[in-house]
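Contents: one structure, followed by commentary.
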């Protein structure tokens, strides 16, 4: 109660609590959803900061070379000189983990870029126009989605070969239907609103309606989807790596490191734990951000 | 209300349906004919589901009739697409919808949305467009500081005023208002009704006013058409119809509302 | 109703056809000849050529597709190149493992998610809610095979006697043997199912009819179980349907880790050996199951929610899809 | 109207009710109202004035985050603001029947309506299923629903708006409540259905001796139905009186202007309104007359003090300093 | 583990007893067969062997995977048998003889041998087997065993009880191929239910799960196998099997790396053996920069093979200097050496004008050992300023793009020999062979190779092969890395596990101590 009163006084000075006439709307604007969403954002960013800081440290200070092998130190348990221990070639896991961030992120971004842009195009068209485009878009999406994605990823990588770009394209394609659905449903929802009718009446072209009016409506939603997609891409990459289909040996991603550690799990469990933990932190951070964004978008929906 | 007695809108034997399969064809509008004179304000009443909105959508061109003809300013328009209509008539048909919050892009300022029709038309320079938009805002009784506000910062009544402004800024010949005041409070409704009366004096347009509130129609309109189950059962001068309804349905409607005598 | 069924069946068929075509085209593009893989490095060129022509690898694509469909219509999935056995037989051997694993995981998902969701939804944003969600989100963030490894380490050190799932299917108690792999699959999906149910419950709670029920004099528990829970089921059931595809995806990986002789492992071998008939057969089987389950989900949902039966529910449906795509499809992707 | 002397003088007495949201916004500021047994009392006011929130407070179904900050609600002389959930369950649906504003949102969409009506009986009585069914059908017929056996098997979305509203009424009256609260039961309906429902409420009030709290912003129905009317403005009643008094001789400026803004045959084609538009939605505590900013007769005192109810006539009061004699 | 397995055996025998009567004489005291006198073979018992490859066809001529061959070995006998020391002993042939030019081979076939289905082994069966393997049956297009494609005719002499094989050209290694399984004539279900004359009888195979076999009670040798039953459990991932090994769930587990021995040493003995692999870093001799011998030589000098072996196989491997491996006995030229000298390698490259050399190593990703080797190679090459990019492809792609398409810079692969026939390995460098995937061309080598094929004198052949290996070394055809060793974990209660120069799991010799 005390809290309320103080708040009130402060606002009273400006002589307005809110400008929103319909208090129903006012309620949701200022409601506690906001607080939870903000908290989730904060946690998410904090989690994401951990790998980022590690990466930055890596730029300035790199205790060991990431590739040079030292057979005398193989499978050293974590200690003061090797914080996370060493792997089967005696390479320092801490150094490798630190330098694994950029590629992991690059791949994830690449996957989502492909998925999101194509999904945006197909989703927007099928959501706005419906009809044949929609029907076939959905069928192909259904087809892709009813096969477990890891399987499709396997086929794709077998087809296009291994390598960073191949992984990006293969998984990118697998991400299209999901994005398509998010965007399509958004467009479907808003294209039935009266303001679209009004715009058509004043002569706005379809392109203008789609990009200037409908797209901004689903932007938050899309961002939330992207944050999720980002996390999922990391998981997907590591899953593919696990099946031995991921990025090449010479490249350091956490998925790859985890895969390499598999063979020595019982001799050197630490070699799996460090990259695994990094993946979990990064993914969890993205989940939180996605959740926060989702709540913001839900809240927007109400206004 | 000029003496010009040309028909701005003529609807002949229209049939319309939403069903997609021929087997289950159900007509929402059935053999509907309607004539609207230039400059008049025609009130359209009928109960929920009688097809009022459908008729409005038909005239504006969002849906196409199954058969029948619609003439707007003497030209057949039922088969023209929205784009073609804009090309053909520099003063065309505009519409105001029932839910004001639904008819604006929630993420764009009022000013931008007011200016948009003019931007699309590309007749005027940017500064002229802005000037005209501000002028229109003033005409619908809102001060200039609403220009940069977002729709959710306005009340329903205010937003409905902006909607009127948005429709009138392109100087249409015919304004279709689909229950523009039904979602508003009495006092706010009164403001909007006043505004419409006011604007009809300032701008020169005909008005098809759809409502289920007989009092409002009686207050505002010159003529009235009663829609029942997809066809017009009675049309005529408001006072005549209200005082002396010919059709059974109309009579029932008017007596229920406590209007008439 | 029959019309609806026909329409749905048509859609399912089209989806299946597309899947078969996609796999066909991919196999056309995949480098590597199954004959060479089968015969190994030391085989001679003639040997490979002979086997290739026996397998009909260089036949034109339309002919191959045609042959395949003719076989399919007769219920013949072809003959596995790698195992030199009929595909039907191979699948018959492996499918029970995968399906029972999937069912087990599925049951675990339900058993874990329903009570947790009810607990979490009791008070949105409470400590309990937040901690339940944090824990499940974390399990979702762990790559499934890593989860399997962690579970293996944990269960080993704690000596709970839940040994890994290797061994004869018949000789050990099924429940005990499959517990760990099923749990590894289930854990990451529990979060999805839970969040769906929780959100649905919270959403239902906000709806006015629940308060109207208080106005009728209904007690809290009656409202929760008679009104809210039932009404939250539609998104939950749909989520479960879609999770099933992910459960199959998960079992592909988990079978590798726990060395289970299921479809997933068979599939990996098949793809590596370029064993087209076997790959195609397994994919068709999994996709069919997924498609049928999703059809059933539609059906069950219509049973739960009569509104879905009428056609003019466009907006509800779109809203529904929105949410689905949001959490589930997205989360579910490749894990 | 006959009165049972053993009963309380007022079936419902609300005293200085104040409802606030979690953010501290005052949704209902200070509402006092009384309903005698058998009386039909109207509550009028513009949208957002707190009508529905007041009813929810009475029925104990305030949404999450909104709570009663002050005031008492006596139902049959018993304060029901702080009773336990179980006791609340005994009153609601049994002694108090509620018809909600939005019928389509008040019914569980997944349950057949017959069962939903039956639920009330199931909770409050121990009749046999057969008896319950008879009573459900009987009540449904009583609210002018036809073909009830079939209708009972339908789902809410398969009914028309008018039918749904009547189902809600049936649900509210099936246990013969002492108080019937009707929150804008007619707003969403067509003219013809509207008058049927008004007749129905009248009938219930007459035949079942239920008091009615009728909430609306539509004066035409209030005129037909109510004995007395409260006019609510931003969470505070500004005028109360017999229906005749309020409609024919409104005293408070707000009531006057409100009545004037309703189109009527006499005002055809003329401008309607002299009331200024509301510029902001103030939800803080009331320190002055809330209508001051829109009132044409505003004077200094209005901006400084909050007016009490001043008596004008027998049973007719208004919260305006003009009547402070 | 074992007790369970025994119970299973009993159950299984119950099922099979009706068809094969008295196949297994149940020893009532079997359960007490604890090691009293260590080292003494006990009759009976059953073991579980872990194998890491999925089995393919069970038909001995169609099976291509080494993993399958090593298992089905137990069902069959050849005309001759390869012994652990690399020599050949007569098996189904009582004796054999061949012409001086090594074009005609005569085998005297043993009598009284029975197939698992009870039929007697006849000369026709032998002829059929050879003809089928050589692709001489009317409906076959190519030899099922490529080495046998040189057979011109097979004929039987019923009187003498001999079978004579004529070759199109001379092949001194031919006798090594005669370990070929002999199968009953016109039996069509070989791929599903193999039948041979071997010490074990096939009982059951569940794809991806296990293959079971039982003792052949009518085995033709002087004793039957010791074990009653053997189950081959398929565990595709040796690393993942560690947990089971630690619990002692397997009795025998081949192909472990030595680093795992530490974890398992209290339960298992480790038996080391040479593998039949010659791991090379194949350089595409037609592709720049490897078309320049200087580059190849420099690179040869830059590789520290011992360090590589330490890193990849934990020291369990032998440094190779030639394209052959020590298990090839005296054919292997052990005198060759190549110095490790990165400085000189670097200056050689600089002199030849190669700066910032960038190369690609394509490896089949399915084989961890090759991938890791490539990784170490890349690291070592850094010292001489060569940047190597490791590209993994899957096995199918490797076969079609690298092996057949020869479209690659360099690759790490192991050449295997199914028979102890030196030509099988060196064929990869013979310029007219389709298996010469490194595009090595040397007329001198070709001549020597052709000469060796028809040479029957052992000493001369050895000499020829030594010369060939020297040429490979001098020309630096590729980088010969190692002959990896394998470790087999054998549970301590078992004895008699034998290793051969060939990849087989011979269960005939295994017994409980």
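When the chains are written out, they are named A, B, C, D and E in that same order, and each has its own residue count from 1.
By definition in this document, contacts are C-beta pairs under 8 Å (C-beta built on N, C-alpha and C of every residue); 3 or more make two chains touch, one makes a residue touch a chain.
Small disclaimer: the values here were computed from a predicted structure and weren't measured.
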Applying the touch definition from the top, give me the chains sitting in contact with each of chain A and chain D. B, C
Chain whose Cα centroid lies at the greatest distance from that of chain E: D
Taking contacts as defined above, which has more of them, A-B or C-D? C-D
Need the central chain here, defined by C-alpha centroid distance to the all-chain C-alpha centroid. C
For chain B versus chain E, what separation do you get between their C-alpha means, in angstrom? 88
Could you state the distance in Å from the CA-based centre of chain D to that of chain E? 92
Using mean C-alpha positions as chain centres, tell me how far chain A is from chain E in Å, no decimals. 48
Distance from chain E to chain C - Cα centre to Cα centre, in angstrom: 40
Hunt down the residues of chain D that sit against at least two other chains at once, touch-wise. 47, 278, 281
Please set out, as single numbers or ranges, the residues of chain B touching at least two other chains. 155, 158
At which residue positions does chain A touch at least two other chains? 19-22, 32, 158, 161, 262, 265
Chain A to chain C touching residues, read off their complex: 32, 36, 139-140, 142-151, 153-156, 158-159, 161, 171, 174-175, 177-178, 181-182, 184-186, 188-189, 192, 221, 224-225, 228-229, 231-232, 235-236, 238-240, 242-243, 255, 258, 262, 265, 269, 272, 276, 279-280, 283-284, 287-288, 294
So, in the complex, the side of chain E touching chain A is made of residues 239, 242-243, 259-260, 262-263, 307, 310-311, 363, 365-366, 368, 371-372, 374-376, 378-379, 382, 389-394, 396-397
Can you list the residues on chain C that touch chain A in the complex? 11, 14-16, 18-19, 22-23, 26, 29-31, 125, 137-138, 140-146, 149-150, 153, 242, 245-246, 248-250, 252-253, 256, 267-268, 271-272, 279, 283, 286-287, 290-291, 294, 314-315, 318-319, 321-322, 324-326, 329-335
Tell me, which parts of chain C touch chain E in their complex? 30-34, 36-47, 49-51, 53-54, 82-85, 90, 93-94, 152, 156, 163-164, 166-168, 171, 256-259, 261-262, 265-266, 269, 272-274
Give the list of chain A residues in touch with chain B in this complex. 19-22, 25, 193-195, 197-205, 208, 213, 216-217, 300, 303
